Each structure stands twice: as structure tokens, then as C-alpha cells.
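Starting off with a structure, shown below.
As written, the chains take the letters A, B, C, D, E, F, G, H, I, J, K and L, and residue 1 is the first residue of each chain.
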Amino acid sequence: MKILFLNGPNLNLLGQRQPDIYGKTTLAEIEERVRSRAKELGAAVDFRQSNHEGELVTWIQQAKGQFDAIVLNPAGYTYTSVAMRDAISAVELPAIEIHLSNVHAREEFRKNTIIAAVCCGQISGFGAESYILGLHAALSIKLK
Amino acid sequence: MKILFLNGPNLNLLGQRQPDIYGKTTLAEIEERVRSRAKELGAAVDFRQSNHEGELVTWIQQAKGQFDAIVLNPAGYTYTSVAMRDAISAVELPAIEIHLSNVHAREEFRKNTIIAAVCCGQISGFGAESYILGLHAALSIKLK
Amino acid sequence: MKILFLNGPNLNLLGQRQPDIYGKTTLAEIEERVRSRAKELGAAVDFRQSNHEGELVTWIQQAKGQFDAIVLNPAGYTYTSVAMRDAISAVELPAIEIHLSNVHAREEFRKNTIIAAVCCGQISGFGAESYILGLHAALSIKLK
Amino acid sequence: MKILFLNGPNLNLLGQRQPDIYGKTTLAEIEERVRSRAKELGAAVDFRQSNHEGELVTWIQQAKGQFDAIVLNPAGYTYTSVAMRDAISAVELPAIEIHLSNVHAREEFRKNTIIAAVCCGQISGFGAESYILGLHAALSIKLK
Amino acid sequence: MKILFLNGPNLNLLGQRQPDIYGKTTLAEIEERVRSRAKELGAAVDFRQSNHEGELVTWIQQAKGQFDAIVLNPAGYTYTSVAMRDAISAVELPAIEIHLSNVHAREEFRKNTIIAAVCCGQISGFGAESYILGLHAALSIKLK
Amino acid sequence: MKILFLNGPNLNLLGQRQPDIYGKTTLAEIEERVRSRAKELGAAVDFRQSNHEGELVTWIQQAKGQFDAIVLNPAGYTYTSVAMRDAISAVELPAIEIHLSNVHAREEFRKNTIIAAVCCGQISGFGAESYILGLHAALSIKLK
Amino acid sequence: MKILFLNGPNLNLLGQRQPDIYGKTTLAEIEERVRSRAKELGAAVDFRQSNHEGELVTWIQQAKGQFDAIVLNPAGYTYTSVAMRDAISAVELPAIEIHLSNVHAREEFRKNTIIAAVCCGQISGFGAESYILGLHAALSIKLK
Amino acid sequence: MKILFLNGPNLNLLGQRQPDIYGKTTLAEIEERVRSRAKELGAAVDFRQSNHEGELVTWIQQAKGQFDAIVLNPAGYTYTSVAMRDAISAVELPAIEIHLSNVHAREEFRKNTIIAAVCCGQISGFGAESYILGLHAALSIKLK
Amino acid sequence: MKILFLNGPNLNLLGQRQPDIYGKTTLAEIEERVRSRAKELGAAVDFRQSNHEGELVTWIQQAKGQFDAIVLNPAGYTYTSVAMRDAISAVELPAIEIHLSNVHAREEFRKNTIIAAVCCGQISGFGAESYILGLHAALSIKLK
Amino acid sequence: MKILFLNGPNLNLLGQRQPDIYGKTTLAEIEERVRSRAKELGAAVDFRQSNHEGELVTWIQQAKGQFDAIVLNPAGYTYTSVAMRDAISAVELPAIEIHLSNVHAREEFRKNTIIAAVCCGQISGFGAESYILGLHAALSIKLK
Amino acid sequence: MKILFLNGPNLNLLGQRQPDIYGKTTLAEIEERVRSRAKELGAAVDFRQSNHEGELVTWIQQAKGQFDAIVLNPAGYTYTSVAMRDAISAVELPAIEIHLSNVHAREEFRKNTIIAAVCCGQISGFGAESYILGLHAALSIKLK
Amino acid sequence: MKILFLNGPNLNLLGQRQPDIYGKTTLAEIEERVRSRAKELGAAVDFRQSNHEGELVTWIQQAKGQFDAIVLNPAGYTYTSVAMRDAISAVELPAIEIHLSNVHAREEFRKNTIIAAVCCGQISGFGAESYILGLHAALSIKLK
């Protein structure tokens, strides 16, 4: 069982960026936690970050045949990227949209996710724990 | 550690109701799975369902001092109940909104949750597993 | 053939309430007319009213296996009750939405019924006769 | 007692056109059913169809003094014809808007009828039975 | 002169709930203040609270013939209850909508009251004093 | 100087139709008044009415080379006819939109004229006098 | 018969201001034309201009008892002045809204007049001739 | 304790203007009632009216240091005056918006007050009594 | 292989009408070009124009069994004709919507085609060439 | 080179008014800074403030022939004054809209400036420095 | 004559991706068909694909002087890329927007193309044939 | 003092691209002017351009610790890039949004900047001078 974790723009700044909204944990620390939990659960993970929409699209495309599911924090592209939405539809892998912050409690425009409609589901608001929950969700989908 | 699980209208029909959308598991089976996992994790749960908005409001109010967190599937009241939103704000307990189906992939009106903005976060789309993820999320918030 | 007639909030006031909009017939008189016509047509009816959304939801749920169709005047809940909509979807019985007044000729918000989309059809504007038409419609659906 | 039945564009295709939405009965068969039921009830009917908005407007105008009520399936003109709305207001005859399909369960734009606001009421979703219900409704209005 | 004071959902929590928005006075203390002022002014009051929309609807209905006016804090139902609006129209008693907080200075959705349009007027923003002002307003209407 | 007066749907009913909105003068009487005033002013008029959008479009097209200006009461087609708008743009004759009633004081949808934007101007609200004003306006444009 | 002509902000610049939109005639020349035509028709006119909304409101108020009708070019206040709308409602004199340019063919916001709904009618698009038409309209209303 | 009462455009016409909406009491009579009640309550009032937005802005500005609170009936400027809103924010005195009529039961645009969001609260619908309630509210705020 | 070309209102004016938008070619010349190209490609075409929505509806209906595809320039009816949309759905022939001008670069309302959703596709912006492209597209669909 | 600086409502309160939004500098100090910088740059300035929309309109009108450019802080009138917009269009002088605060980061309604569309450009968010930047911008436009 | 064919995100997956919407032909096969047809018609084509908005922008920019026209399938960027729109405006080459699927028959958001307004025209819905039609359209524009 | 100037998509075409909107100066010439002015003012500047949203995001991120402020012309990404908005929030450096053209006077969609709300302010409409003003603004912020 292999899970691809994709991280969108600015998530490389985690830990430094607005800690009141996003928490103090760095992306490396989150990756470490995810890896360790995945190992316990018998799964392998790949963990990537990019500020480029095109690169994220390409990574989603390449997941086909390489991974069993995608856990995706699209960050700022959540609200604008039809290209990522179309990529997820195209690869036909189960995908899970996750967010560190509770997007329903922030600016109005953060309520309109373009991507969630083509995912299995969405998890938002639990900080670094959103990644762990996303991992569990991905495994539970595959085990069905 | 005590967690209150609240279930809104029609969730008592689970297992019979539109299984293509909501799955075949009954609410009693979900309760059983939640109880058993909670026990493993050292937590106690209370699990209730009502078709009455007013009763759900009252249960949220009474949670104060009795429970450490609320995991809430507001079902049809998600999109219309300011009363439940206000109750959650009032009790000042961490609350987590969960949904069996992926509300972002259904009718337009199911995208506008009134309640999530006053919760810690939202989990939607994973069937019965949404409850287990909600339990994990609740525990992780309290352990912080 | 058994038909469940459900009446939403304030319909217990019929005959006293704004007779220029709703007519002078009381709900008991309407029930009488419906019963009598149903008898002629070889059908049985059950006739209930509640001001509680939750009670109406429960009655819709319980109709399954007990009734062949539901004729429903949701009154004020027409425009706000996702819970009743979901209940109708769940029981998978033919349902017919009826209104005494012509909702298309009143306040703007009365044009947006949440419930009709999951019913077989809608009848509005014929006063007490809307109930008789609803009865006929219910029987014609079942006879198909 | 004379009732004018008017049928808007494309209703001449009934029976051939999208039978999953509109049923298999032809307009001639519906006319036959309406005539026969009207006869039983002691009423006369005239039954017409046109694809021309202008012709429908003219027929509505001419109804004055010739008919006691109009039962109108405006079909595609339901959502766009202010001219037909104005004609109905002008003749001051009771009019009833009917639809074969449940317009509340189809495309978004089919929820906005321009015409119903100047009718006595609306009946939609019962296939050919909508015409029979319309006939009953028309008679009940005149008998008041 | 008898005035019915109705309190909607969560008002039973007053004093504990978000004191920065709703103040520290409890509902019992407000009731006490209202009673005492009413007595000075030669009026009797009945003071009730419910979390159930249906119960509030029923109480409004029952006011007819028992009370001379209604002072109503619909709380969370202000923005969603067509049923309460219809009940007020039906009883044809003067009604006054009151709010503790200034609803015009809060979330966007709190600006759209469904109920005020069928009341005599609205008072919002003066904390417990809104009740006293509502009492005065009710008396002044009746004395006209 | 020749002016074409075009009248849209239902204007043939003038005098009978809703006299509180449209006045008691018939279209023939208006025509008579327009002709007589036009004669005084040294102009010829042609005066036509149709319930058919297509016929009105054709008449507008044929005006080119035959008339110096068009005075147009589009009635119900004011709000829906892109075809008439395009016809006016195409013939490149000065056109004036007139209305008997004050369209700004009626239903919301009567505020959105599709046609006025391609006319020289609009006159609304003066009953039969709107036609005389339209005649004057047409002559003044041509004399510039 | 006395008619008050009121001119809103920037109309004092007529003749200099954007002649492609507003023409080359000055306001003094328009006044001269209006006076001379009024004299022929046996009417007296008063002709005023102000850039101040408050002054225009006051002049409308003072018209009561002094004038038989108001012809009003509200210019920039057309789209924003509830105060002028309320003043016209208050004095209960027939009022006519006029515009030099065709407001239906300009910026989107110029289509939403706040004032026309409380006037008898509106005339727009005929340059200085709009004033003469307004005069005729005012006289025709008073002669009814 | 000194309270400034400000009255916006057209309130000088009270008593004459649309008595079905605004009542028969003149502004002078209201002032008299307010003064007399204020005296009983040990407060002084200043009472002014202007049709000029700019003058109202200036009066609000000058209230600082001269008055303890402002009771403001902005009339037609309620829906359009950002300038008055900004003035109230700037002086940092408690302000109360009042209306004679129930603005929630009138034209759609009267539901959008720009000013109330920077006031303590709003009172609308009680005719002249709205001023007395405003006075009470102002005193209660200052006494807190 | 037979293709029906239908032309909506005002297309009979082509060549004379606003040549900067629609070009200088007449409809007869376009027909000639279409016929000649069709002949080369072994197809027959019928080419019609009408200003009447009802006639266009009828022609679409009659195409069934007579033609293999429809190429349709609905012109002004593109944005308003649900009747033509329903006719296309009813005949279940492949239909192609074409436009001479680029409708995406014109008035806002020309972006909302009602008809394209029930066609195979849309071609707009290439002047007379849009017809040739429509012919090619029709043939390619039939050859699949 | 002469530049007119116009200041809208409430700017006379600068320094006292909400210093967290508008800063502590008074308008007189800003005038002093602008004058001194203008002198260095060889330009003359006139600096005025008014709470009256009408006075601001008049000052804009009078600028023609007296000034080479206008730097305008319309304050509260930014979002509501079509009259000021029309005045700027009329005088055909380069105008620059400036704001002390960043209007894009405040209430939603402050994003919709009516005036900027007829100016050369807009500068917002730099406190008193916005005036200096406006001066530079005005000079750079004139030097082109 | 040289034509640049640009393909946006996910088009590299053609043939594998959702064949019910996009068909079974691969992008390489489409390229082959376009090349072969272009050769017959005496034109050269360059054919590129990128998932990166920035790269597509750069390719559009570089087309100037190298190509005579651009045929562009912007895919997911159609609805979001102002950058690509601006690039097309900047290079001032004729551009044609094409789509494999009929975008007017899919999700609501796919109806709002940002890019088509700066192209010559748009072709959508013909699968791989859209490319051939785009080629023909491009050649016809250049030959004018 | 070091200032980072970032230029978004298509700005590399400046001087060639639509000179009526964007002027004739090239980006290199603007850079030269900015550098020279910065030198006079004792500041250093870095000046970059990219068509890639992801690269612009990365550059904004890297500014932290390297620069004192960012002056940003986001061009086409102004209206669509939540990613750039989030990057600016994350680095917590003062940022200034600049535009060559007056975005308030162009297409409707150019009025909705996503980015300005997280900047200190916005400057638009002064051509190349917008950069110099942006430089001044940046220095004035840092000197506070």
C-alpha cells in the first residue's frame, strides 16, 4: 500500500508562517510523523511539496500505477485550480483533500473548494493531525 | 476523557436509506465500532440521535461540564440551523462536524454549512470511517 | 391502498388564520372531505398535523411499510427543511407536495421549495381542493 | 361549463419525445382522456397546441367570453413569456398552469415560472394525470 | 393588559454564554426585571423559553385570546423560521422582535430577519434593556 | 416624414385590460389621436399591432427605407426579445421605446429592458400620452 | 398651472460637459426653450439647479401648494438618493423624471433609478427635447 | 446627561407626509414629548433636523465633548450614507439608530442599513414612540 | 447524408446589417458556399431562415427522419428560447450551434446560451466560415 | 503648475479619529507636508475639506481653468457619489483618487469605488504619505 | 503559413482520461491528424503541451513573429487564467480557443471562459475533430 | 534598505504590448529608472519578472531576511492567485501592489484584486511612474 502526500504552495514555510493559523510544526516534522505512523500501519508514503500548480498537476498524473491513493493539501490552489481538479478526475485514484486550518472559519473565498468535489472526502481544521487523519482515511478507503 | 457523539435527523435510518450515498452500515453498528475504538484509546463515548433540532440544541448545551468534546453529524440541519451553531459557540467545547457522504460533491446547497465555522474542523466523505476519524480528531485536540 | 396526509406548522389554525389567503375551511373539515372522497375511491387515509419539524421527519420515516404514498403540506418548513427532504428521499415512497395558496404569487422566498425536488410533483393554489387533487394524484401514481 | 386546454411548444411530440421524462402517452390520447372525463363531469373542453408564442397569446385573449377557465401547459414558454403572463392577467379568467414533469426536479432555470404568479395555481409532475387534475381544479374553482 | 415574552434557543444559557456578546445577566434576572417593571406599569407578563421551533410556534398560536401582545426574541430562529413568521401572521396580535446584541454588527447572515416583516417593529442591541424597551413598546402599541 | 408605430402583444386589448394599470382608451382611439396630431405636425404614421415576436421583428426590418423613425411599445417582449433588439440595431433607424405604464414602479423584472439600450430613448408612464410624446420625440430627432 | 423644473448636480455645466453625451445646449438655453414653450401652452415654470442633494430635497418639499407638478432631472442623484425619493412621495405632487442621455445605454449602474418608482413616469435620451417632453407630460397629467 | 437627537431628510414634513406610514404626529410634537420625558428622567436633549447629509455629518462630529449619546433617525440617508457611518465611528459616542416605520416590512432596499453596524443598536417601527424608546436606550447605555 | 441549416431572426439581413460585427456576405452567398462545399463532400443541405421562434421549433421537429443533423444559428433566440432547446432534445438528432460573431466578446448576456447544452457543440466567431465549419463538424459526427 | 487637493467628509477629524486606521497626523499637518513638498517641486497647491457632497462637486467644477490636476480623497463619498464622478468627467482634468487606509483590506463595500474609474489612477493605504504620492503622481501626469 | 497548437494541462493524458468525456484518441494521434491535414492544406504546425500556466504564457508570447495564428486548448486554465488572456492580447496574433468536450453541457463553472473574449472565436464539443476545425478556422482567418 | 520588485506575467513584453493601455516604456527602462531613483534615495533594489505563479511565490518566500519590502506588480495573477496572497501573508514583509494601468477603469473582473488585502496599499494607473511611487511608498513605510 503506497500513499502519495502532495503539498501545495507555501506549505514549505510551515512552522514559520502565521503560527496562530497554521501551528508551529514544520512540514519536515509532519512528514516524519506521517512516515512513522504509516510504517506502524504497514504503508509506504511519498511526501512532496511544490509552489508550482503545473508540477502538482504532473505529480498527480504520475501517481497512476505508482500509488494507491493521494492525500492532497492544495493550499492556495484549492480555490482556483481547475487543472488539479481535472488531473484528479483523470487518474481515477482515490484522493483526499486536507487542510491544516478550518477553511470554513476563514475568508469567504476559502469556502469554495474547486477540488473537493472530485475527491472521496475532505478533512480540515486539525493542524498537523489533519495529515494523520488523511492517512487513516486513505487506508480505510483502500481496505474496503 | 468523554466524547459526545450527536447524530441529526434521519441518521436513525442508516443502512436502509439510499445505501449508494450513505453505505450499508447501521447507526448501531457505527456506534459499536466507535465504542470499541474509544475503549482501546481509553475514552468514553455517549452516542445519541434525534430528529428534533431543539433536542440537539439541548444536548449540546448539556454537554458542558459532562464531556470533553462533541463529534456532531448535523445531517439535514447542517445547512439551516443557526440554533445549533449558537449552542456550540455557547458551550465552548471543541466540536467536530462530520458527514458520511462527501457534501462537496452533492447538491449545491450542501456546500454551505452554517455550523462548521464554529467547530474546530470538518470531516466529510468517508462513510462510517468519518466517525472513527472524528473520534481520533477529538482526542488529538484534547491532548494538545 | 393507504395514504398518509401530513400537515406542517400552523395548519391547525386553518379557518381562523388569514382567510383571504388560506380560506375558511378548518383542517378538520378538510380531513372529513379527504376521508369521504378516499372512501369512495377505496382508499384509507391517515391525517396528522404537527408544528414540530422533528415530528414530521419521524412520521415520514415511519410511513415506510405502513403507507403507499405521502401527501404532504409542509407549510412553513417547505422553504427551510432539508431534514424533511432527506426523510422523503430515505423512505422511497411516492410523495406529493401540496399547498393551499398559490406559493408562486406570494413573497419571493416562497418560490424556493427545498422539498418538491424529491417528490413526484407539486400542487399549489386550490385551497382545500389541493388536498383532494393530492389524493387523486397519489392514487394515480400507485395505479400505474 | 367550458374549459380551454392550451398546449405550448413541442407538446405535439408527446409520446415520441424523451419518454423517460414525459411518458409514452401522445397528446391525442391525453385529449381523449380529458374529453371523456370532462363529459362525465358535465363540462366541454377545447384542446389546442401551438409552437407559436404569439398564437398562444391570441388564443388566451380570445378565451374571454368563450370559456370559463383555462388550463395551460406553457411548456418551454413557462420560463420566458411575459407576453403570455400579460395575456392571462388581461382576460381575467381563472387559469391553471400544468406540467407533465416535476419542474422542481430538473434544470435550475425550470424553477422560475413567469406565468404561475398570475394563475390560480400550478400542478406539476403527474404526467398525463396532470391534465385530469387540472380539469378537476378548473371545475372546483368555477363551482365555488 | 397581558404580554407574552417568548425566548428562542440558547437564551436559557444567558449569563454563561459569550458574555462579551450577550452580557452577564441571566434570563431569570431579566425575567425578574421585566416582571417588576411590568408591575409598575400595571401589566402582567408571561415569560417562556424553548429550544424547540415547534414549541415556540405553538406558544405563539396559543397567545390568541390570552395575551394582548407578544415580545419575541427568536434568537437563532430569527433567520430561518418561516413557521414562526406564519404563526405571528396567523394570530394577528401585535408582536415585537427583540435582540440582546446588535444583529446589524455581526455575521452577514444575521442581517436577514425573516420574522421582523410581520412584527410591528424590531429592537436590537441593548442587552437586557432590549426586553424593557420591548415591554414599553408593547404597552404603547396597545394604548394607541 | 413617416413614422412607424409598432405595438407588441396584448396591446390590442387596451381599454378592456386592467384599466387601473393601462387606462380606458382603446388602441384604436390612441391610433386616432396619434394620426390627428401627426397630421397637424406634417407627418405620416403607420400603426400596427402583433402578438408575434417574429412579425414584429419582420416589421422592424421592413421599416428600412420606408420610414424615418420607429416608435415601439414592445409590451411583454421588452424584457425578453433579443431578436427585436437585434432588428433595431440592424435597420439603423432611430427608435423610441414607449410604455403606457411606469415600468419602474411595477414588478422587479419590468425594470430590465433589453431593447432600450439600442433605442434613442425611452418614455414610460404617461398612458396614451406616451404615444404623443413618442411622436414628438421622433420628429425632434429627425429634425436635428 | 405652475411647473417646477429641478436640475441636479453638474447640469450647470451643460454645453461644456462631454458634448458627445449631453449635447451642446447650455442649461440657460434649455430654460429659455422651456419658458417659451410653457408660455405658448399657458403655463408658468420655475427653473432651478443645485449640486446639493439637501437643497433639492428642500425644493421638492416646498413645491407643495406652490406648484402643480415637478419635472426633475436628478442627474447623479438618480441612482443614490433615497432622500429625494422620499421627498417626492411626501409632497404627493405628480413628478416626472427626465434625462438628457439614454441612461439605458450607458454604465450598468445607470439602469437602476431609485427615484422613478415614485414618479408618474420617466423620459430619457432626447437631449434638451427631454425637457420639452417633460413639460408636455406634466401638462397632460394635470389636464386629466 | 445630554442627548443629541438628529433627524434626517424629510422628517420636517412629519404629520403631513404619508400618515399611513409615518403617523400624524409632527416633529415638533415629538420633540415636545421627548423633552418632557427627558426632563422627568433628568436628562437634557438637543433636537435638530436637516435635509443635508453634510450638515448631519458636521453635527455628529460636533457632538463630541458636548453630548453623552446620539439618537439618530437618518431617514433616507440610512441606506446610502457612508459619510454618516464614518462620522459616528469617529466621534466614538454611543449612537442609536431609530425609525418611525418598520423598515423590515417595506421596500427591499430599506433592509440594508449602512449605519446600524456602527451604532449600539437599532429601534424601528413604533412611530413617535421610537424616539422615547431611543431616549430610554441612550440613558440605559450611559448608566451602565 | 442530409443536413438541415436553420437560421434565426435577422439573419435575412446579413450583408446589410452592422457589417463590422457580422461581415458583408449575404445569407444567400453563405447558402451558396455551404451548398457547393456540401456537394464536394457528398452531402445534401436544406437551408432556411425565419424570424419566428415557433416556426424554427416546428422545423426542428420536422427534421426527425428527414435529416441526419442540424446546424443551427439561433441568433437572438440563443439566449431566450427554451422552446428551441426542448425541440432539439426531443428530436434526438445531432445539432450544432453556430454564430457568425464571437459571442464571448460582446454584451454580457450573449455569453449565456440556453441552447448549446443540448447540442453536440458550438462554433462561434468565424463569420461565414462558421457555417462551413459547422458543415464539417456535422459530417464528422455522422461518420463516427 | 497648480494642484487642487480635495478632502471629503470626516477628514477634518484626522488625528483624533480612529488612529489605528487613519494615523495620528492631523489634516493641517498633512497640508503643511504637502505644501512644503510642492514648493520644493515648484508647484502650488490649494487644500480644502468639506463634509458636503454638493460643495465638493462645485469645487471640482470650478477647478477647470484654475488648476492643472485634482488630488481627491473622497472618503465616505467614494462608494456612493455618482455626482462627484460626473463632475470629474465633466471638467476633464486629470484626477487622482487617494485614501489614507488600504480600502481593499476593510469592509466589503469599501472595495467598490464609483469614482476611480474616471480618474487617472488610485493610491491607497499609505497614511499621510498617500497625499505626497498623489502630489508626485499629479506632477508626473502633467509633465508627460 | 505556420500555426501554433497549444495544449493545456492534462491533455497529455488524452486517450486514458475519462474516455466518455474526452474520447479515446491520444494527443499524439491528434497531432498526427492535424499535421497530415495541415500538410494537405499547405501549412506547417507546431504542437505543444504543458501543465504549467507560465510555460503556456511564454509560448504564446514567443509565437509573435514565428507563427501566423494560435489554436489553443487551454483546458483547465480556460476558466482561471487572466495571464494567458493577457498574453494573447499582447501578441496580437489571431487565436482560436478549442475544446474537446462541449463545455456548455458540463459543470456550471465551465461556461465562463476568461480567454475566448480575446480570441477570434471558439469551437467546442467535437472531440479530436475540434482540432481539425480549429486548423481550418485559423487558415480561413489568415486568408481573409 | 533593500527593496524587491516583482513583476508578473507578460510584463516582459512591456513597450510592445498594447501601448495604448500599458505605455511604450520597456521593463528594462523601468528597471533603469527605478534603480537610478533608488540610488539617489540610498536604497538597493532587486528587479525580477516571471510568467510562473510558482516562481513568484518562491521569490516572495525568499524575500524574508533578504529584503525590507516588496513592490509587486502581479499583473494577470492579481485576480486569481491565492497562492501569492498566502505567500505575502507568510513572509510578513510590507508589500505594495502596483499596476501600470488604472485597473478600476477596465474589465469588471480587474476590480477584484485578491492580493491587495494583504498588502500595505495599492497604486494603480500611473504607467511607469507607478513603480517610482511604489518605491517611495516602500521607503516611507520602512522609515516609520
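Note that in this section contacts are C-beta pairs under 8 Å (C-beta built on N, C-alpha and C of every residue); 3 or more make two chains touch, one makes a residue touch a chain.
Fair warning: this is a prediction, and the values are worked out from it, not measured in the lab.
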With a step meaning a move to a chain it touches, how many steps does the shortest path from chain D to chain L take?
3
For chain C and chain E, chains touching each:
B
What's the rotation, in steps of 5°, that superposes chain H's Cα atoms on chain L?
120
Chain centre separation in whole Å, for chain B relative to chain A (CA means)
23
Report the inter-chain centroid distance for chain C and chain J in whole angstrom, where each centroid is the mean of the CA atoms.
62
At what distance in angstrom does the C-alpha mean of chain J lie from that of chain E?
47
Using CA atom averages as chain centres, what separation in Å is found between chain F and chain L?
54
Taking each residue of chain H in turn, which ones touch at least two of the other chains?
52-55, 80
Using the contact rule from the top, write out all pairs of chains that touch.
A-B, A-K, A-L, B-C, B-E, C-D, C-E, D-F, D-I, E-H, F-G, F-I, G-H, G-J, H-J, I-K, J-L, K-L
Interface residues, chain F side, partner chain D - complex:
8-10, 12-13, 16-18, 50-55, 75-80, 109
Which bits of chain A are touching chain K when the two form their complex?
52-55, 57-58, 61, 64, 80-87, 89-91, 114
Going by the contact rule set out above, which residues of chain B touch chain A in the complex?
96, 102, 104-105, 111-113, 116-126, 129-130, 132-133, 136-137, 140-141
